[in-house]
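Comments concern the structure below.
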Amino acid sequence: MRSEMSVAAPAREITFAQAVREALAEEMRHDPAVVIFGEDVAEAGTPFKVLSGLVEEFGRDRVVDTPISEAGFTGIAVGAAMTGLRPVVDIMFGDFLTLAMDQIVNQAAKVHYMSGGRLTVPMVVRTTMGATRRSAAQHSQSLQALVSHIPGLKVVLPSTPYDAKGLLKSAIRDANPVVFFEDKMMYTLKGTVPEEEYWLPFGVADVKRHGSDVTIVATSSMVQVALEAADGLRSDGIDAEVIDPRTTVPLDVATIVESVKRTSRAIVVDEGHRRYGVTAEIAAVIAEEAFSYLDAPVRRLGALDVPVPFSPVLEDRTVPTAAQVRETARELCGRA
Amino acid sequence: MEMDWLPAYEQMLRIRIFEEHVNTLYRSGKMAGLAHLYIGEEAVAVGVCLALRPDDYITSTHRGHGHCLAKGARLDRMFAELLGRADGYCRGKGGSMHIADQERGNLGANAIVGGSSGIATGAAFSARYRGTGQVCACFFGEGTLGQGVLYEVMNMAALWRLPVLYVCENNLYNEYTPAVDTTAGSMRARAEAFGIQADEVDGQDVRAVYAAASRAVERTRAGEGPSFLLCHTYRFQGHHVGDVNRAYYRTKDEEDLWRGQRDPLRVLAAWLLESGAATEPDLDVVTAKVRADVEAAEAIALDAPYPDPSEVDQHVYA
Amino acid sequence: MRSEMSVAAPAREITFAQAVREALAEEMRHDPAVVIFGEDVAEAGTPFKVLSGLVEEFGRDRVVDTPISEAGFTGIAVGAAMTGLRPVVDIMFGDFLTLAMDQIVNQAAKVHYMSGGRLTVPMVVRTTMGATRRSAAQHSQSLQALVSHIPGLKVVLPSTPYDAKGLLKSAIRDANPVVFFEDKMMYTLKGTVPEEEYWLPFGVADVKRHGSDVTIVATSSMVQVALEAADGLRSDGIDAEVIDPRTTVPLDVATIVESVKRTSRAIVVDEGHRRYGVTAEIAAVIAEEAFSYLDAPVRRLGALDVPVPFSPVLEDRTVPTAAQVRETARELCGRA
Amino acid sequence: MEMDWLPAYEQMLRIRIFEEHVNTLYRSGKMAGLAHLYIGEEAVAVGVCLALRPDDYITSTHRGHGHCLAKGARLDRMFAELLGRADGYCRGKGGSMHIADQERGNLGANAIVGGSSGIATGAAFSARYRGTGQVCACFFGEGTLGQGVLYEVMNMAALWRLPVLYVCENNLYNEYTPAVDTTAGSMRARAEAFGIQADEVDGQDVRAVYAAASRAVERTRAGEGPSFLLCHTYRFQGHHVGDVNRAYYRTKDEEDLWRGQRDPLRVLAAWLLESGAATEPDLDVVTAKVRADVEAAEAIALDAPYPDPSEVDQHVYA
């Protein structure tokens, strides 16, 4: 199913991958300081073909194929960002963020602060997340919790082509390092975007579905899952609100809390591991800010706390499903 | 006296035919995920593993089926793993990119490029520490030369004279990018800078690989420190099964050249026939046997049960 | 102030650093498979002198000085652990965990699972945490949240010499990769340990102080802070219980929840950044399991969400203090 | 014609005396944290920075005061930063290990060994991309040869012919561990393996450093790709101010030898006097001036205000 969104006509229908590509192409046309670093990004356009066509338009000086050196080219991007460029780094699988963690956590995130505000690092780390692609433990993680914990980074998790495009364009213009997670399974998802250019602000949640009985806060891949659950819940007589924070840092606490104060019930769903994951922070914030409005504890659904297994019969058990979200909402609303 | 090369031929053929079946299984939708075929590079794994003891270690890569079979893995359990079945080497939890086979010293394929270089070097440390005389062969593609950790561990291996053999499979491409575009200077100098003994060999000639690997393993086992073996080879298929349109990164001519003239099976077959070590019928017998073995193994695996879903949270902790 | 603990007499008084050293020495005597890898671990005994004397007893074959190669020697430890050794890796500053993240997250944590239970990785990553040492942004982080998020790892945060020794001995005998955080500022803290050998189990919280009005869950450095706050609270007429989970993975949910059910009020304090940090998970778990017992939302105190600044006047503002914990408890108990 | 070396002498002396004051400030408890003194290595920073344009970039290390001053930083703002004052280069947020001075192209000291190698290489990428003709000098200790990321970025610098000069300060020790125990093979071969032009120089002779750096900078600025300059040097003091008992890792004799015979200030002074480029009184004038400058700067810094505590959460995001 496709998410709802309100955009000015005329609108076009494009895939999530196209949205990412359009955002990059527009910003690269606008600003020659925008360059791309990554493995197989040029002629190959990445294994997901997300960047296809960019090297043809912008050339190999701006769409730079690198060796398999995540730490190295992320570090190069940090230095380039400190000296006038706006690099966009492509980390093919989010699992490989671990290889560039020092560059992201100790360098990119801290340079502005350590320099007392004199140096800036306007760069974007685009990477992927999401399981159920049968890619096993080292190609399936959703590591947004790791970078969300680090001050100095902004973290974006778009769930629709519209959001992906608008948020990536803002990320590229942001003066800070931004980690941008794309769900691999969502690249072919279609959605409408306006003809004209647009940018979406960080820290502004999008209410993907309005409802009054329960608030489901969902990120990235889990937004579709939540919307599907919400559809099902309708027949249970439960009217679910689905909120997509779109950025975990900054987090739009106000929108989430306002909703929970109305519904008195909240579920948080994210595809990262549940333990010490993104859902913990959001649930804690809800409990802090809407405590007396809550009828029941905030429920959290995340990936099972296991490395992602290869075998489809196992892997399918690791990621939250619409059925689980629906069931959780039914329990919360006393219908289970 | 020249050794009997027919078993090496059989081993390479086993890998080739296994991979052909894997290809078919994937294309017919019976296998899920990613499969990186080793076809064309068989002489490297077989030549190196021939130079190893059964208790020696290896570590492998995303393109690991060949290493695994060359070290003695069973076909049926390999298929079962790739099919996500409970009888697979990892009970279906690892899949194509993570097959490990502890009994034969295979410490596992690794889906992080360069990810096994630390493990291999650590296994060598352990072998030396425990005084077992084992060595570890660390297989990796030339793309791993981009990963800093390789230099970190080569430095320690050299400092501590660890019994590890770094086997660099230079198949000319890092995925879809030519290695010349990602690799400055000289590949073997990357190891020599650490004082590591390096050698280079035609990776399509299993006899040459075996000879070079034997020399390297011998000195490394003798305590003379790590070795680095650069094997020039080529993958005949796409980077993974889905990589079908390759014209944007390599020419059909190049592929035809390697497939036609540099096929490790043909190279060895030609030598076997020329030297009189085997006849065409001998080779046909081997082929028939291997085909039958592979088919039988595949059938067993296709019939094997999936793991019980409750296994999903087993083996997180030992 | 020193923490209370009940141990069998006769007891000796040792420092936190000595406790770590004794644990290592005892386990190395017991099992020749235990080896140490790290920078400046041999003659130098680390910059903190924690390992002083070990190389003299066990030799350079077992106390191995490495190059400055955190990824490399951690990877070597993984391989050694898979083949019969029990390596203990020394990552001098916790900030450098980022350099070894791939080895810890993608290799050590996943090998057992990926191999279907056939390979094991019995290794310990000892590292440090803690600010206020004027060491600035790249030498002061408390990154326990990052590793606590990753299934396959166990995470230990001792707060006393007694706990440090008993938990490290257990960590070395554990069949799994364990990340063991030592607070740099606590190395000179003294405490008693029994004469005889002992091991402490993981997943068993220690109630450092019994109380009935409010539950303070605190980790590592924050345990002392919480105990000091509890002392002050006595004069406010508030009887605080201080619980040290000792391991964030596995987490002793039962002890924490049982306490909160009694006190109806909870504060969680950890020196990692507050946002998406350890306190979020613990607070979320408390809210889930003791919801109807809570008088007020669980309060969380963590390090300020900023890179750690150098200037003492700034740095001192980043870490939770006893005064803050006390004030929070007073608010919770309606005394503010 | 030989250039005027008196300014270089003054610059080295400025670093020396600055560091002596830092030492005293730390020992008297007026400064907090960690201080890694550059005393003994002054010729490297000064010789290299002399070969740079004002708008060229540098990156630096935990042992960074010398690089910073050599690139033109002001003494008072340096002291202020080390003292955590608001007038410091980083408003007190960085401290000794993180001083950056953007106006003079200093992209910052870095407390992660090897942590600035990516930044330096990226700055070189940026300079080349923007066509500014700038180069970047990346200073690091020989301990950085243990960090894999260095090899990753050297590879890319070589591939893309980036204008970066890698300056390896080999002072023989990684903290308390001799570099021979941590470094296999050859240091310069580590760069040469990537096809990088490498050179080696006596790091105690500022004229030699300058000559080598000039050659390297010239070719690298001309687009001939990165250079690597290995400077043999020695730190005269402890690894950091608190490292007082050093006998377990290096001998007093060794220290005395370097201090007595290889002091970069004495080496240059001897040449200045011998060649007649300066007289003893000239040197005394310089010394007096530098002492006065350093003392004045220190006094200013000691009087400078601390940042307002509310600044603690400023500058997290731009």
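Per-chain numbering from 1; labels A, B, C and D assigned in written order.
The criterion applied here is as follows: a residue touches a chain if its C-beta (ideal position, glycine included) is under 8 Å from a C-beta of that chain, and two chains touch if they have at least 3 such contacts.
The structure displayed is predicted, hence computed values, not measured ones.
Touching chain C and chain D at once are the following chains: A, B. For this pair, chain A with chain D, the centres built from the Cα atoms lie 41 Å apart. If you average the Cα atoms of chain B and of chain D, the two centres end up 46 Å apart.
Separating the centre of chain A from that of chain C, both taken as means of CA atoms, is a distance of 31 Å. In chain C, 66-67, 69, 71-72, 95-96, 99, 102, 106, 113-114, 136-138, 151-152, 305-307, 309 are the positions where the chain touches two or more neighbouring chains simultaneously. Multi-chain contact residues, meaning those touching two or more other chains, occur in chain D at positions 88, 90-94, 98, 110, 112, 115, 145-149, 152, 155-156, 159, 181-183, 316.
The touch graph of these protein chains is complete, with an edge between every pair of chains.
In the complex of the two chains, the chain D residues touching chain B come out as 145-152, 154-156, 158-159, 181-186, 189-190, 192-196. Contact residues of chain D toward chain C in the complex are 32-34, 84-85, 88, 90-98, 110-115, 143-148, 174-177, 181-183, 248-249, 306-307, 309, 311-313, 316.
Listing the residues of chain A that touch chain B in their complex gives 39-40, 42-44, 47, 65-69, 71-72, 95-96, 99, 133-139, 304-307, 309-314, 317-318.
Across the complex, chain A is touched by residues 57, 59, 88-94, 98, 100, 102, 107-108, 110, 112, 115, 117-127, 129-130, 136, 148-149, 152-153, 155-156, 159-160, 314-318 of chain D. Only residues 35, 61, 64, 66-67, 69, 71-85, 87, 102-103, 106-107, 111-120, 122, 151-152, 154, 175-176 of chain A touch chain D when the two sit together in their complex.
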